[in-house]
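Chain naming follows the written order as A, B, C and D, and within any one chain the residues start at number 1.
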Amino acid sequence: MSAVPADSARAQQEERENFLVFSKGFLSWALTLDHKRIGLMYLIGVMSAFFLAGILALLIRLELMTPTNTYMNNQTYNQIFTLHGAIMVFLFIIPSVPAALGNFLVPIMLGAKDVAFPRLNLCSFYLWVSGAIFFLAAMFYTGLDTGWTFYTPYSTTTQGPVVAATLGVFILGFSSIFTGLNFIVTINTMRPPGMSWFKMPLFLWATYATSIIQVLATPVLGITVLLLAAERLMHIGIFDPEYNGDPVTYQHFFWFYSHPAVYIMILPGMGIISELMSVHSHKSIFGYRFIAYSSIAIALFGFLVWGHHMFTSGMADVTTIIFSALTFTVSIPSAIKVFNWLATMYKGTVQLNTPMLYALSFIFLFTIGGLTGLWLGALSTDRVLHDTYFVVAHFHYVMVGGTLVGFLGGVFHWWPKMTGKMFSELWGKVSCALVFIGFNLTFLPQFVLGSRGMPRRYAQYVPEFQELHVISSIGAFILGIGLFVALGVVIHSLMRGRKAPPNPWGGATLEWQCSSPPPYYNFATPPRVNDPYDYTPLEYRDAERGWEYVHPPTTDTPATEPEPART
Amino acid sequence: MADHAVSSHSSHSEGEHHGFAHPMPVWQLLAVFFALIVLTILTVYQATFDLGNMELVLSLFIATIKASLVVLFFMHMLYDKPLNAIIFLSSFIFVALFIGFTLMDAHAYQDSVELKQVDSPRSEVVMPGE
Amino acid sequence: MSAEAAIHGEAHGHDDGHGHSPFLAHHFDDAEQQYDSGKLGMWLFLVTEVLFFSGMFCAYALYRSLHPEVWTFASQFLNETLGAFNTGVLLFSSLTMAWGVRCAQLRQHKGLVICLAMTLGCAAIFLGVKAIEYTHKWDLGLLPAGSYESQYLPGMHHSGPSSWLYVLSAIPALCVVGFGIWYGLSLAKGDKQKSEVAGPLLVTALCYFVGVGIGLAFESAEAGEHGDVAHAVAHTDGEHTVDGHAGDAHAAAAGGDEHATEEHGEEHVEEPVADVAASPAFQSEELNKLLASPGETTMVASAAEEAAQVAKPGEATEAEVDQRGGAGLFFSIYYCMTGVHAIHILGGMIVLTWLLVRATKNHFNEEYFGPVDYVGLYWHIVDLIWIYLFPLLYLIK
Amino acid sequence: MLLADVNETFWFPPKASTFAQETDSFFMAIMWISTFFFVLIVGVMLYFMTQYRRRPGYRGDSRALHNNALEITWTVIPTIIVIWIFARGVYGYMDMVRPPAETIDINVTARKWDWSFQYPNGAISDTLHVPVNKAVRLRMRSVDVLHSFFVPAFRAKTDLVPGRVTTMWFEPIQEGIYDLFCTEYCGDQHSEMIKRQGVFVTSYDEYEQWLAEAAKPPTHPVAHGYWLYARRGCKSCHSVEPDRRIVGPSFAKSYGESLTTSTGESVVFDENYIRESILNPQAKAREGYQNASQMPSYQGQLTEDELMAITAFLQAMKQDDFISVVADEDGLTKEDAISLGFGDEEDSAETAEAGAQEETAEGDGTRPESEEASGEATSPDAEQDQ
């Protein structure tokens, strides 16, 4: 075997055929049907949305440094927190993991060439873009001040582009539905031979569960915002007490989507953590089936608990109690996941690199987020804490400490695969530390604020609360710096990063079997399907600074080296 | 990827082989259509009687029979993969959850609702048609 | 597999590496996997449709169960005959659609084109009838809650097709002209494929006017013979014309009351009285209104409000249900449900046209009939929703 | 001042109602449970992180481990704990939603962005006065959008839903002055829809005394108009200082002026205009204010006399000395009114003192007076309760 010429030929071919450079020009990206390119475009899109909403968050924290109007008036403050919430929810968190990372990973993890409906996938991306433009244009034009929840009758009477914004949400909803639909079909029909349901990577289980929610819940959001738009345009009176409609019914409609949407946000993050914990502990996942089933359980239970957003809204007592009981059922699968992740590290070989540190931060923060949910699920304490900063802190611990930190961990984990470049470990760890410290400093004081009675969405507040607000604001700026460092790390890696080996972390899922970045057709030869968490045949190679299979798990598959290109 | 993962494929009935296609026989299509028309006439007819609460039940019962005919035959669910049927039917569980909880709650708090008189100003509206 | 052909974005969907069908996408192994994926995707889409409509069914169930008297009052303004006719039309279009799938599977190209054309035609008839129903209600002021106009107050005289109908018919009329010209040109050029598309489209556009004609015929027949609707249309068509007396609201309201009681007979009068009487909220509201009114001057009170005050709590009749605006809520839900359904019909017509074009190009065979099947599924679910809408809105009193 | 923050703790505001003890101890119980699990999880995590970290000379095992007993343990134990939390939560909740048979009923009306409270004897005030150790039930209405009534010291919160009457109850156990917040987002001035030290818990005698005085409105129309201005929600949007815009236009120096409406018409700010703007606020919006948040209609909420009084008050707002008096910190005090000639001579003597005291406590110029005796049609609140 003449290793050197074959290797260089292979390297050249990889260089030529990798999906980033295979075809060039703006249109080759804008009209691409390649799931990897669409995933990358999503990544850039959601990161821009996050950047925008993050700046708004810092503006809010700056304003809240003093109890009175610091530099914004009330109206501006209301518009800015609405924008912050709406952009974060609809443009960042919901599409972040499924649409950006999911698009890139789902087909590769399945050893497939693409998602089932590539054109629908591109359509979904453009729906997201147009929805985003529509939404942002509407909100920046006159300023929307309804809060991201559009509660009636405020949203039916306030001045502002409510109709345009709801149509933006409607379009974004369709984008989300199509992504979910695509993933369900892809995972159902395009698994390779040998990959049964319980040989799937847990990220795919999480994505599958997420997609179920997207398909089932998002249409209800669609009809809700459509009825809200009709309410404003034609006064149909379904939600408007002016015509004997019922605002509490609006809240039922809204939360029937928006509570499951919370699981659209967190489940993919949990899927990422399942992968990260196993790969970076170099240890087979503990309790695979429990984690897989708990994803589905969370998705289904998630539909039963929407009423816990409405404990003080004027729901009837009987409904309130039922919803409280159901709410606690959803806490169990989440707890199971956390315990299984911890047990995965037991007797493993834990590599404390950037993605792993993010994963460990996730467990720390998500545990706080989850446990504080107990206060809010319990009826008597929720009566006091509802709509206070306690709730604000709780959902930021889940959404930011959970989803965002998981997302960052996932981005760092798969960054070498997506771009073919390694990033600076040192600065990656620094960013993680800053994010962790800044985040806790921002939101821990808010629990105390909430239990002392500080209501949310207040532009001005009573002076007793100032100290804690100032601490929180300082934390927010540290968090902001941490995120900028993270951005710097990935941008630096694009320019100066060392070339990534196919398998830098020693992962056993299929995406690590193709080159980094993958060729446009993903796999030159059909990948070997094996247990996604079996690390025994992997061996670290110092020369490549990556991992390789030393003895193929099955005898009938060809050698590790892919066949030369067939043209 | 020599073959695909979901390999179980429902059997092709009636021995007609057109690849994986399953053409419906014409008599079945016509029979289903006439059954639907008859049921429509029936439901219009039963609506002429005042049956009180039974009217709702009966109308919805007939509508459900019609819907089942459409789903089973026109939509080929009878000959489709069971997974598709499960997916479609399970959506109704979620619809029931949604409607059930919302209705239950709204009825439970109705005693606290105060209805107001809504002005319906006929004389104030200028009809676009005039 | 040829690398050239697999370049994404250029030749996607035209990879003939497997030789079966020119439409087998490169990432699928065979036609059956592609078909199954598409079918699963379509069923999932239907699931989203079901949940989408569930929001409106929820609103329907909620307000119907809370205010049954409003439903009893308002549903009489809906024309059952037209509803039943439209149900038949949609059922027939479902038959032709299902038959079309069969034709596609059996490579009966002619049959497929005919089936698709008939489905399109039925859709157009449905919309034509719907246009009549809508415009008739708009003329009567049977509008959503915010703009609902009381049926017991003087209003505009309504006769013949309203100008709204002309507005709605403008686009179909343009379609008739456009498709007519296109059909003529393609015939003249002898382009068989184009004329096979243009012909059915022309027929479809004409079918809309058939629907309008049928709708007009039924609507006037109904108004002539049926007591329920005669009552509704009474002050516009019949003997009790009160238009031109805007100032005389008092008399008109009273007149409407009597009229309702007379024509309606035992079956309707008893119920609403009992229902409204049983609801103390209405009563107290009414009382408040009366108690508060002596202090008010007539400066801000419009004619409508005067009439509202005239309706005394004791005589809680249909006029009261009407005045309270609850009837507007019924029409809100009616317009939302049927309107969204009609939009689905329009969307279906667009994809059917796309199928028609492909059918004339002989794209479909026993290996590749997925698109026809998927559109068929969609079309049937639209029909299925109407199967429920018809009794819920038109029949159940 | 009677600031009742003596038993304030790190986590909680003062415990001023019967709910506080139960809720706070439950809060702390969950806190200890959570702390236990948090320390357990993070402790194990840190231990594994260091014990099994990749280092020279250590090689972990990568094979799968499984232990069903462990899985079942960590499923069952949390399940039992959350069942207990649920049950205790319901127990506390049932207490919060079941008022006792004997309550003092107070009607609460919320509007953008103010509260008004109507007491059993018909008195209306913009502050909440309740006696200690008596159960109080609030029957709450909103005239425009969703609001939420929250007194942290009482650990009590309920939303106000337009079109409905929501109720809540509490029993204060400690005398003092507390804050009231609106916790459901309601627009521009949401964060100012608070009663900073506007909830007074006093002994029953003091409460009775206050109630008797609060039921008497001034008889002079101007003073009556100001009295209404201060407690019927006008104050939160319309200032009495010239050219100061809160949300709506200032009342100062408006009467008799000619204005331009948003449609370009010219109207005179006269009696008819005032009347229409109160009863049908959107009919002739002033130019520059058409995008301001909508003012709710007061149709049916004010009597003829009250409308007249407000008109008289606005008319008086032409005078500079009157403006300067009402625009200062304390608003229109009894003495001011008398010195300006708007006072009620007959009852000024006995109430002036109490009134002045009240002013300083509240700092917002409200004064104890009673509802005009205008027959049955006092206010819709009163009637809808029948």
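Following the convention adopted for this analysis, a residue touches a chain if its C-beta (ideal position, glycine included) is under 8 Å from a C-beta of that chain, and two chains touch if they have at least 3 such contacts.
From a predicted model like this one, the values you see are computed outputs, not experimental measurements.
Put simply, the chain nearest the middle, going by average C-alpha positions, is A.
Counted by C-beta pairs in contact, the busier of A-C and A-B is A-C. Subunit A and subunit D, compared by their mean Cα positions, are separated by 38 Å. Separation between the centroids of subunit A and subunit B, computed from CA atoms only, is 35 Å.
Rounded to a whole number, the gap between the C-alpha centres of subunit B and subunit C is 16 angstrom.
Shared contact sites, meaning residues of subunit C that touch two or more other chains, fall at 33, 36, 40, 44, 47, 50-51, 54-55, 58, 62, 145, 147, 284, 289, 324-326, 328. Looking at subunit A, one finds that residues 112, 188-190, 216, 220, 237, 241, 243-246, 248-249, 253, 314, 317 touch two or more other chains. Touching of two or more other chains is recorded for residues 163-164, 166, 384 of subunit D.
Here subunit A touches subunit B in the complex through residues 111-112, 188-193, 195, 216, 220, 237, 241-244, 246, 248-249, 252-253, 256, 303-304, 307, 314-319, 526, going by the rule given at the top.
Per the touch definition, subunit A reaches subunit D in the complex via residues 74-75, 78, 145, 147, 151, 153-154, 157-159, 241, 244-248, 281-288, 290, 312-314, 317, 320-321, 324-325, 328, 331-332, 335-336, 338-340, 342-343, 345-352, 360, 363-364, 367-368, 371-372, 374-375, 377-384, 386-388, 448, 451-453, 455-462, 533-536. Contact residues of subunit B toward subunit C in the complex are 1-4, 6, 9, 18-24, 26, 29-30, 32-33, 36-37, 40-41, 43-44, 47, 50, 55-56, 59-60, 62-63, 66-67, 70-71, 73-76, 80-81, 83-84, 87-88, 91-92, 94-95, 98-99, 102-103, 106-107, 110, 113-125, 127-130. Against subunit B, the residues of subunit C that register as touching in their complex are 29-33, 35-36, 39-40, 43-44, 46-47, 50-51, 54-55, 57-58, 61-62, 65-66, 80, 84, 87-88, 91-92, 94-95, 97-99, 101-102, 105-106, 138-139, 141, 145, 147-150, 153-156, 162-164, 246, 249, 267, 279, 281-282, 284-286, 289, 302-305, 308, 322-326, 328, 366-367, 369, 373, 376-377, 380-381, 383-384, 387-388, 390-392, 395-397.
Considering their complex, residues 141, 163-167, 384 of subunit D touch subunit B.
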